[in-house]
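Below, chain A partners chain B and then partners chain C, in two separate complexes.
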Partner chain A sequence: MSAVPGWCFVAAMAALPLVLPDLYLLSVLTSAGIFIIGAISLNLLLGYTGQLSLGHAAFFGLGAYASALASLGFDIGIGFGLRLTLPPQPVWIGFLAAIAVAGGFGWLLGRLAFRVRGAYFVIITICFAQVLRMVALNWVELTQGPMALIGLSPFSLWLPGQGVVELYAKNQTYWLVLGVAVLCFLVVRQIVHSRVGRALVALRENETLARSVGIRVTHYLVIATVVSAGIAGAAGSLFAHNVRIVDPDVFLFIYTVTMVIMVITGGKGTLWGPVVGGLIFGLLPDLLRGAAPPEAQWIAYGVAMILLVMFLPRGIVPAIAALMPARRPGRGATASPVSQEAP
Partner chain B sequence: MDQALQHLVNGTVLGGTYALLGIGLTLIFGVMRVVNFTHGELYAFGAYMVYALVSLLGINFYLSLLLAALLGAALGAAIELLLLRPLRRADIDSVMLVMIGAALVLQNAEMWGWGGVAKLVPSPFAGTPLVVGPISVMPLRIFVLLVACALLLGFWLLLDRTRAGTAMRATFQDAEAAALMGVRVGWVNTATFAIGSGLAAAAGALLGPVFMVSPTMGDLVGLKAFAIVILGGLGNLPGAAIGGFALGYIEEFGGGYVSTEYRDAFGFLLIILVLAIRPQGLVAPRERVG
Partner chain C sequence: MSAPPLLSVEQVAVQIGGLVAIADLSFTVAEGEVVSLIGPNGAGKTTAFNVITGYMRPRDGRVRFRGQDLVGQAPERIAAAGLVRSFQRTSIFGRCTVFENARMALHLRGRTGLLGALLRLPAARREEARLQEEAWAMLDFVGLAARADTPAESLAYGEQRRLGIALAAAAAPQLLLLDEPAAGLNPSETAECMALIRRLRDRGTTILLVEHDMAMVMRISDRIVVLNQGRVIAAGPPAEIREDPDVIRAYLGGAPGWESAHAAA
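Moving on to the complex of A and B:
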């Protein structure tokens, strides 16, 4: 897929609020967009490094809490009679804090978890999210526990000539999410097509071989995790200030599963996969709402996951790419960039 | 001191059921190389079956426990035949994703079918605790521990003394070599998954009357089962039994002396530490797990 259809798609999405100013549709698309950002970040790990990281909700939740706490401010005791106090900050600082905190934890998890592979890695990532959920539930002084952090301010943005503007309107939030999503997409594309990306794919295809030609496997895996976590943190921050409330449930396994389904449906290891999968599973629940209870929706997700892995393991985007006559070797739309790099 | 004794007793009771859960999970991993995400849901399934049989159908309590375990084994066999058999050649990640999908279906089917309200299972045991010196225990809990230990013993006899057990251990060690020796690996896999699921359902059936039965009960327990199995080393059967009791004590003593709120978090923190420092588990010999 060359860049032209991609930018046409972005332009069409950007024009949508002007053509179809339906508030409900916009809010559905906004939350779908937030999860697409999460899926894009997960795809970097799941698709390009081949590591099945099932603790992605941890980074999403960390971003949500970091951003919410920075913008609300906090005052907590840290032992020895000392207190740690932060006055309320503007939302954009919270957004940056979300990326930094999530990225930092990404580094930590990367250093810890990449000592092991396969089933062990998967379990460590799940436990990581679970521990954070327990902390969020129980550290009431900081997080309010199950009472949740409420009354978050909406996004604000510095605009030239107008100073800091709060984004109250639905279409403004929509554009902000779209902008961040495009940015994240470009960051991931840049990484995938860089030296780092080639190293990641090399070790996904054959770790022993990659190691033997001198690729520092853990080093690159940690880089990928930090970037992935940072982007997921950004998504978490957007989520927090969009719904204006954060509770410990943001760490739930189900959020990770949602992102995983989006990535594998669209096609892991393809740039557009998370976008396609994210649009499908971001919009489907709202189209089905009223027709079926939420349990039925989750059952449908589970069945979809089983059927996809069994019958369309590479996802929708590679399947479509395979159907289309090969005009040009597709950039980003091929399942395995290795096939492009190798002669 | 009295308090410590009390924690020891409570930890042992909890540990017995944890050992059942861990053994089932580690057996499935050892024989089939499958990370079974449905394990917690089978546990919840067992608890709901006891509830349905005792409260709704009025069947005898002890018979209900047996039936619940058997129904769990049947459900496990169905999952194996339907989902895992076609995926025998697939990589471990694909199988994990399919099992997560299956867990999602099971859990939400429970939520849909039974509603979100927690259910109480009546038991024939007295509601007053048995007091021995400084320690008090509910008779039901003693029964649970005894049955759990009996099941562990029975499982060990099955594995150690029967032909089927030998076939299972052979597959555990080397599936290909076992197949060459005439072991029908396909059926060993089905039996393994059924037994592992049956043990999980039995654990749920036993603990259902102790705690309440709710659709999300399998969530946390499924993850704890992983903690148990990691403690003992993935695929290590005695390790899983030890890990089960260890987690029971850790939760009980940690909850009693360190922090009640973080009781459930100890297990997960421990997994992260164990995997980061000694990924092959605490009781297993050194081997490569990367």
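Moving on to the complex of A and C:
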């Protein structure tokens, strides 16, 4: 796909706060953006390796907690009379910590869970998220349990000439989320259009054949999980500092389901699928709140999902792509063809 | 004293549940040869392939490739060592285009990892361009370049079989194992398939073949190893195998293709 329409879309989104300075719309878009980042990360696993992680909120929650705890600092006993202490850190360090912690757990989960695949992997990921929720609820000294971590500082950025600026304003947070989302999109795009991405798709399409041409199964699945978990952790960190509170509910199944629905609606295994699905399910519930009560809306979404699965089983983006004339990489051209975006 | 063989299968025994699939299998393949493994259905040919390529673990015995023991190694490692197989049932990346199939099969010809992919370093870009060239060259070689944009599952059956061989041969393995490449092909497609195997051999690839089409086996092989009930009953050049009383006994009544092959050869 040519990159031009994509960059036009980004430019339009970036200009939005200037054209339409509606604070409510911006905050809705910001939280939609955070979930779109989550959906982009889930898509790398679900769409490109074919492995369904139903515990994806685990990475999201790990990122939220890691970021919140790093920025608040902590002082806890770890047994044997020892204490682990961390003074409060700047938010950007929390953001990096979120990526590292989530990515680290992604590595661990990938190493352990990819001994089994398919349904067993799904079950293990669900358990993983539940265990983390239990830990968050019960390790009160560290996480405050159900009392939640409160009073998180907003994001801060170092800007040339102005020093460290805290992003209190809605439009600043919006731009930050947009920037991170674009970055995450590009990371996934680079991977997908590379030898690594082809290995992932090969494993998804035909594992036996993929192994016979020398593709190392665990190696590539773990790479995908680590990157996916790291991006989900980044989304969790943005979430924490956007709502300024983190409680054990970030590990709830509903967050995972939200991301899965976004990916499947938009089109799994396509770069734009999670963006399109995320915009639909991130914006509609809030924007239509005036028109219909949430309960009625959810019933309508249920019906819409069923219809979608029946008539566009591969999602919206592949359905639209099928209407467009096929683009073909010319012989000898060095540009990356898009054909990995086959279903 | 000849050079050490490229592949040597030594006293391999395989048991699947209570069934002895291979009782005692030993044979060698020298560099540059085309060797066929034949035998009635259930003789253990595909099992032998699975053992050699790491998809199945033998109960006993060794498989040496360039002196290195392959038993217990994963298929992807064995492929990286230079030994790649094709599959009996058509095996392609069905929903991807023919061109994508070729690029995926060239995995071992590249080295780009996560970092190279993310940063698009010059080395990664050069490699990408080279792999693209190699993919086209491979499609030219098997005559599928015109079908590059077609999803592999929409190819005609014969073309899918050829793509399957191309995928196995893509990374230029030293030893290529082909599991019934001509299965289900009509006579003209079989001739094409045979020509393709010859061209692969001429390119310097050593080939181990399992095939039921006796006319093809007799014409293409340098040596033939005959299996029956999990044992080698004969091994040698086609002319010898054709006259071997044990082989004739094993096949009589079993495979009607045998006599016609005999006549044709």
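Everything below uses one rule, namely that the second predicted complex is superposed on the first by the 307 of 343 C-alpha atoms of A that agree within 3 Å, B and C clash if a C-alpha of one lies under 4 Å from a C-alpha of the other, contacts with A are read in each partner's own complex, and residues count from 1 in each chain.
Heads up, the rule we're going with is that a residue touches a chain if its C-beta (ideal position, glycine included) is under 8 Å from a C-beta of that chain, and two chains touch if they have at least 3 such contacts.
Owing to the predicted nature of the structure, the values given are computational and were not obtained by experimental measurement.
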Could you tell me if A:Val257 is touching chain B, chain C, both of them or neither one (first, second, both, neither)? first
Determine, under the contact definition given at the top, whether A:Ile191 touches first (chain B), second (chain C), both, or neither. second
Quick check for you: in the superposed arrangement, does A:Met134 touch first (chain B), second (chain C), both or neither? first
May I ask you to decide whether A:Val122 touches chain B, chain C, both, or neither, giving the answer as first, second, both or neither? first
Which partner chains sit in contact with A:Gln89 here, chain B, chain C, both or neither? Use first/second/both/neither. neither
For A:Thr208, using the defined touch cut-off, is the partner it touches chain B, chain C, both, or neither? Pick first, second, both or neither. second
Would you sort A:Asn171 into first (chain B), second (chain C), both or neither based on which partner it touches? neither
Help me check something: in the complex, which residues belonging to chain C touch chain A? 53, 55, 74-76, 79-80, 84-85, 87, 91-97, 99-100, 103-105, 107-108, 110, 112-114, 116-120, 124-125, 127-129, 131-133, 136, 149, 151, 167-168, 170-171
Listed in rising order, chain B residues that touch chain A in their complex are 29, 35, 83, 86-87, 90, 92-94, 96-98, 100-105, 107-109, 111-112, 219, 223, 226-227, 230, 234, 259, 261-262, 264-265, 268-269, 271-272, 275-276, 279, 289-290
Flag every residue of chain A that touches chain C in the complex, lowest number first. 187, 190-191, 194-199, 201-202, 205-206, 208-217, 223, 227, 326, 328-329, 331-334, 336-337, 339-340, 342-343
In the complex, the residues of chain A that touch chain B are 50, 52, 54, 112-113, 115-120, 122-124, 126-128, 130-131, 134-135, 137-138, 253, 257, 260, 264, 293, 295-296, 298-299, 301-306, 309-310, 313
